[in-house]
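Here come two complexes built around subunit A, the first alongside subunit B, the second alongside subunit C.
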Partner chain A sequence: MTTATLSTQKPGGGLKRLVERHPFLPALLIALVLLALNGLYQPRSVSFIGITGLTKTYLALMMLAIAQTYVVYAGDIDLSVGAIVSLVNVVIVVLMEKMGGSGFSVVVALGVGLLTGLACGIVNGIVVAALRLQAIVATFATSIFFTGLALYVMPVAGTPAPAAFWRTYGGRFFEVPFVFYAVVVLAIVLYVLARTRLATQLLAVGDDAQAAFQSGLPVTKIRIQGYALCGLFAALAAFCITGDTASGDPLVGGKMTLFSVAAVVLGGSALSGGFGTVVGSIIGALIIGLINSLVFFVGTPSEWQNLVQGLAILVALMAGVLVGRRARA
Partner chain B sequence: MTATTQTPAKAAAPSPVLAFLKQPLVVALILIAALLILGEVLSPGFASAQQILRLLIVAALLGIVAAGQNLVILGGREGIDLSVGGVISLSAIIAGNVMNGADSAIVPAVLACMAAGAFIGLINGMGVTLLRIPPLVMTLGMLGVLQGLLVVVRNGIPSGFAAPGLSRFVTQPFLLGLPGIIWLWVAIGLLMAFMLTRTVYGHRIYAIGSNEQAAYMAGVPVRAMRISLFMLSGVFAAITGICLLGYSGSSFANVGEQYMLASIIAVVFGGTPLSGGKGGYTGTMAGALLLVILQGILTTVHIDESGRQMVFGATLLLLMLFYGRGRAMRG
Partner chain C sequence: MSKLIMRGVSKAYGATLALRRGDLTVEAGEVHVLIGSNGSGKSTLCKVLAGSVRPDGGEILIDGKPVTITGPHAAREHGIGIFYQELSLAGHRTVAENICLPDMPGGIFVDRKALETRAARYIALFDTVAGEGFSAEAVVENLRADQRQLVEIMKALATEAPITIFDEPTSALDRAQVDRFFEILRDLKAGGRSIIFISHRMDEIFAIGDRVTVIRDGETVGTENIADTNPAAVIRLMVGGQEELAAGASAPPAAATDRKAAVLKAENFSGKGFANVSFEVARGEILGFGGLHGQGQSAVLRAIFGANPAAGGTITLGGSAFAPSNPRNAIRRGLAYVSGDRSRDGVIQGRPIIENATPIHYLRQKLKLARPAALAARVKPALEALHTKFGGLSHPINSLSGGNQQKIVIARWLIDRPDVLLLDDPTKGIDLSAKADLFALIRKLAEEGMGIVLYSSEDAELLNNADRILVFNGGSVRRELTGADRTRYNLYQAAYEAA
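What follows is the complex of A and B.
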């Protein structure tokens, strides 16, 4: 797909070349094994309803992992994605409530939500790329700012989202759950995005910013666009989480930031930039979800669940890095 | 920007005064003075001796963990330790349970915490060097493990509480009216300065931080060095955890969480760029003070939590503009 190492043909086995061209394959393998294990311990988890539930719960993290991927492409990082999710979540919930919760209000709120995410992303891009602050600390600072904004919009959690919103997200059309339509639309959008110039340019900047600059690419503008795209997908993640929790919470996204980074790494993308796939990040998010549910299905005592999840994610992270590097080497 | 801290740059500097003013440490000290004046104006009594002492204690808590963070960042290769927050929380729990209010158990508690911190650092360091996992990923994964471990520990045993001796050490005057923790911080500052400027070990940290390949060629045991830096980071985080227990009396959920990014920002405000290889701890101490005073001002001013966070975030961004920004692209 969109790997940066397109030109260099290296000698090696067919399997190696396959992984090199599709760096998400190891992650896919891990995800399939986890899925099988899930099915082994809880047959219902791989049923239609089980998969629907999993998608419904983890679509938000998938969106956020996608968001993070576009910044990581360019060798940047965004530690404010969780705060953007929180901000968009409270903005749309408050707007929908103020406008009466009709279908029209939902559409308006979603539009405003997308613009909010876009604005946050552009702010991040300007701070990191134009003002040249260090991405880790600068996006942490903006995350504090965005959290403040979210607390201003909704000081305490609990305002419910209108029924029209979450009934749609959790509902079915023609016997097919809504989230699957969302996944199909998402797949088309991602396919188109992967073919745009921007995706290639982001990877080029991440691979070697100096070389990209010298070959005439507007590096600063491209990095800002990457952050803007990240903000948009963070807004989509907020829509999903609002559909799933059916309420507003000014701190709902906070914990998701580091998981989004983990999902990107699990998917085989390099944090140093220039190498990665969006598909991998989606699978990475899925792996986190599957690990969480497997730990539950295996019957781990509740107080041990977080530790086992943490260990499993650490091991998977290591595997992702090691396999990814082998594919590139 | 290019005025390095080690050499006053006699040849190229256009104005020695300007070069002096652009040093990160000087920037931080000027900002600290300005913030203290601002705080006193906004709420009279802010810069009173008692308040400054309280701010110093809080700054020492941050400064000690930032020492380890500083070392890891100085060592370069995208060095960063996201697990310090988890180590601090864990250390506070271990210390609370081992001493459980008994002065006689302070020494074993301190040793146990430092051993735990060193062990976690050892694993981080081995993952980073032997498996070559990027530090951000390795320590992020470790943070997840530690957070899980905290849940297990918390459910299994009571959280324990600080020995009176430890609380006195952190909060009560010890020498010249200052509590022991501030003297400890000063001692750590002197030790770090000596180590970084006068010892082979310190010079090797800069060496691997600025050019790992060259350091390796010159015979520096790069892997062992890097592992030791992560271990030191774990130990410093453990010390902050113990002191935090003494400060609050008993350990509560995830006390250390706020220190993860705060320690990194203190290092950056102190003039050590995240790319490593240059900078030092004296600046980081000033950076920790700066951050704590800023937070102190925001808590004394009467504004909503939302406004406080917005001002804090915006101020952090503004302050970052004073420090080493990245180089502009040139053709």
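What follows is the complex of A and C.
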């Protein structure tokens, strides 16, 4: 501790400033270490095909982590993101099937899917921000409601998505996998979003809602917009998962909810709000993905996989806290 | 025509009347000072104007036209800007973002360039005095207290509102910063803007003010031209016709207490928010801590009890040294602490009365298990001594009024008598009859040999109940009032003189 305190007085405070400006750096370090370990146990996992597969599988979780980040910005939380993923998944699959699975039907279904996600987000926002219910319980309740809707739309899992859809998601254009185009577009969208007035306002609300209100910000409206944005990204996550699994499943997103929260925290954002980055959450989702594949590659017996995964996530959380504290001290 | 007229504005929080009849008239191109003692209602009056509190009654006219202010946003549209005493900054955002937060330039996207240009204009105003590390890109959380206060000032200035309220804007600033700020205010005044200025420092009020309005007990009692008055006259207006020497027959003469029997002694005690505080409390004595809110009184009490860390100095308890470390330790050494913030420091919400009355008993007797009947036999006499009204010991504490809840919190200390009772504004939000019961009990406890330290933000309580009063100002003891000196006038004078 003493040495760490002394180092702040020295002019070499560059690391501190760097971590302060880019709070996701500790997470990036952990992700790189995990990637190296993956390569060590399974050299093919760091090949072009290996990375493509990883991106294809975990793009959905990245999208969901992004969704969660915008509500966490404002100090809120959304425990219904997984249920929104399930609902959008079954809505688009059923719609594409009903319309014959043509290219046109895919576009229409995706449009309806986005609107569904947006509507779910607005419902959450109204329940939490306008009706002032506790976010954690209110979104838990809406998650049950959304799951109920999903089960109504598709009572049993298994309806396949049309080939036009999943072939595109898993395919290549000019020798480059589709998911990489998706990642580039995503990066541009996030860059643009970070420059919106809304992003700053969400963070200001998360910092101190009372102060934001006294500064004349429309706090309720801002929080609803945060949830709406979250709903939109949850819909995108649903598109990714539909592309990856190529079928409809009314319970597909449920277990992703808390992973999205974990990814946000792993990425260095504060659950209390006001502080965080979207990039960090993406890296957080990547860390979870890399841990899962590493547990598989080192040959953990299947009955031990959950236990090892859980421990590994705990270690990653601790490492993130320690690295961050060291650098900032 | 006056720029702003507020007439008969009132506001009650539950049963507490924060503002009875607030009147204020402000002209264009003047700095109008608002002054009043703790809880007199001046901050409430400002919050009504700024839209963060809705008034119950009264009218507001701007440029002669009646207006209704529905919220902070509406207030801005009516041309009202405010500096909040408790600050309204987003800690993780930069200085520039905070300055422009109420009105971000741009549409969907933030116009970074416009934001930086606008922020730079206000940062430049304080260029020479802002100190090291202050820049447009600095994150507010990393700034010093005075620099954060400057950001809040810049934020208020950036609203460019025709009427700007400054609620204690200078409490953390140094001399040079205050001087610069006053120059800026004079420029604004010359430009025809109206400034409402709240401060507790007489020297500042007389340096910058044009007129002063005095509020006492939620009512406007008068407005004077600064040029035609003086600090003593203003303090007399704040004191009003209230009893000059409030200490009655109940208080024994201070000489009667034997100084040698000091039960609690602090020497050069320092910590966050206070420095070099020395005092003694004798058995049988009630020592009062007075002065404005937040001048270190509460911080001293919490540090002695070990609830907040202490930085230096020595504490002697019953003749032997005592190093405050944590409340558990303090309780074992015979200290008791009752706070006015019951929900934070006292009441165990939703639990039965008996559980709320016995935690200290468990700790001091090292009880692990106890029969309810045996506990009840100890709790009942303590509660009856306090005239506590309750349905049954198993009823939840939330079923009681604030005053009765506080009695139960006090009762928990009386089952095993402490040597010293630290009272940290204990009567906040409780009714008059409960207050009377409480002070009768405190006097009785003192007579039975307890040493008592009483901090109260209500000056009348102190003057009526304390044998001696230490007036705190800026984290240290400014003056000791004993015997016939215990007057409201002396108390205010010590509290309001330049720190």
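One rule holds for everything that comes next: the second predicted complex is superposed on the first by the 306 of 329 C-alpha atoms of A that agree within 3 Å, B and C clash if a C-alpha of one lies under 4 Å from a C-alpha of the other, contacts with A are read in each partner's own complex, and residues count from 1 in each chain.
Just so we're on the same page, contacts are C-beta pairs under 8 Å (C-beta built on N, C-alpha and C of every residue); 3 or more make two chains touch, one makes a residue touch a chain.
Quick caveat, the model's predicted, so the values are computed rather than measured.
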Exercise. Between subunit B (first) and subunit C (second), which, if any, makes contact with A:T200: first, second, both or neither?
Worked result: second
Exercise. Touch check for A:R172: first (subunit B), second (subunit C), both, or neither?
Worked result: neither
Exercise. Should A:R44 be classified as contacting the first partner (subunit B), the second (subunit C), both, or neither?
Worked result: neither
For this session: Considering only touches as defined above, state whether A:T147 meets subunit B (first), subunit C (second), both or neither.
Result: first
For this session: In the overlay, work out which of subunit B or subunit C sits against more residues of subunit A.
Result: B
Exercise. Is A:L258 touching the first partner subunit B, the second partner subunit C, both, or neither of them?
Worked result: first
Exercise. With the two structures laid over each other on chain A, which partner does A:G274 touch: subunit B (first), subunit C (second), both, or neither?
Worked result: second
Exercise. Touching A:F213 in the superposition: subunit B (first), subunit C (second), both, neither?
Worked result: both
For this session: May I ask you to decide whether A:K98 touches subunit B, subunit C, both, or neither, giving the answer as first, second, both or neither?
Result: neither
Exercise. In the superposed arrangement, which partner chain does A:E20 touch: subunit B (first), subunit C (second), both, or neither?
Worked result: second
Exercise. For subunit A, which residues lie in the overlap of the subunit B contacts and the subunit C contacts?
Worked result: 210, 213-214
Problem set entry | In the complex, subunit C residues that touch subunit A | 50, 52, 71-73, 75-76, 82, 84, 87-93, 97, 101-104, 106-110, 112, 139, 155
Exercise. Mind pulling up the subunit A residues that touch subunit C in the complex?
Worked result: 20, 192, 195-198, 200-201, 203-204, 207-208, 210-218, 274-275
Exercise. So in the complex, which bits of subunit B are touching subunit A?
Worked result: 78, 80, 82, 127, 131-134, 136-138, 140-149, 151-152, 154-156, 261, 264-265, 268, 273-274, 304-314, 316-317, 320-321, 325-329, 331
Seminar exercise, completed: Note: in the complex, subunit A contacts subunit B through residues 77, 79, 127, 131-134, 136-138, 140-152, 155, 209-210, 213-214, 219-220, 258, 261-262, 265, 271-272, 303-311, 313-314, 317-318, 321-322, 325
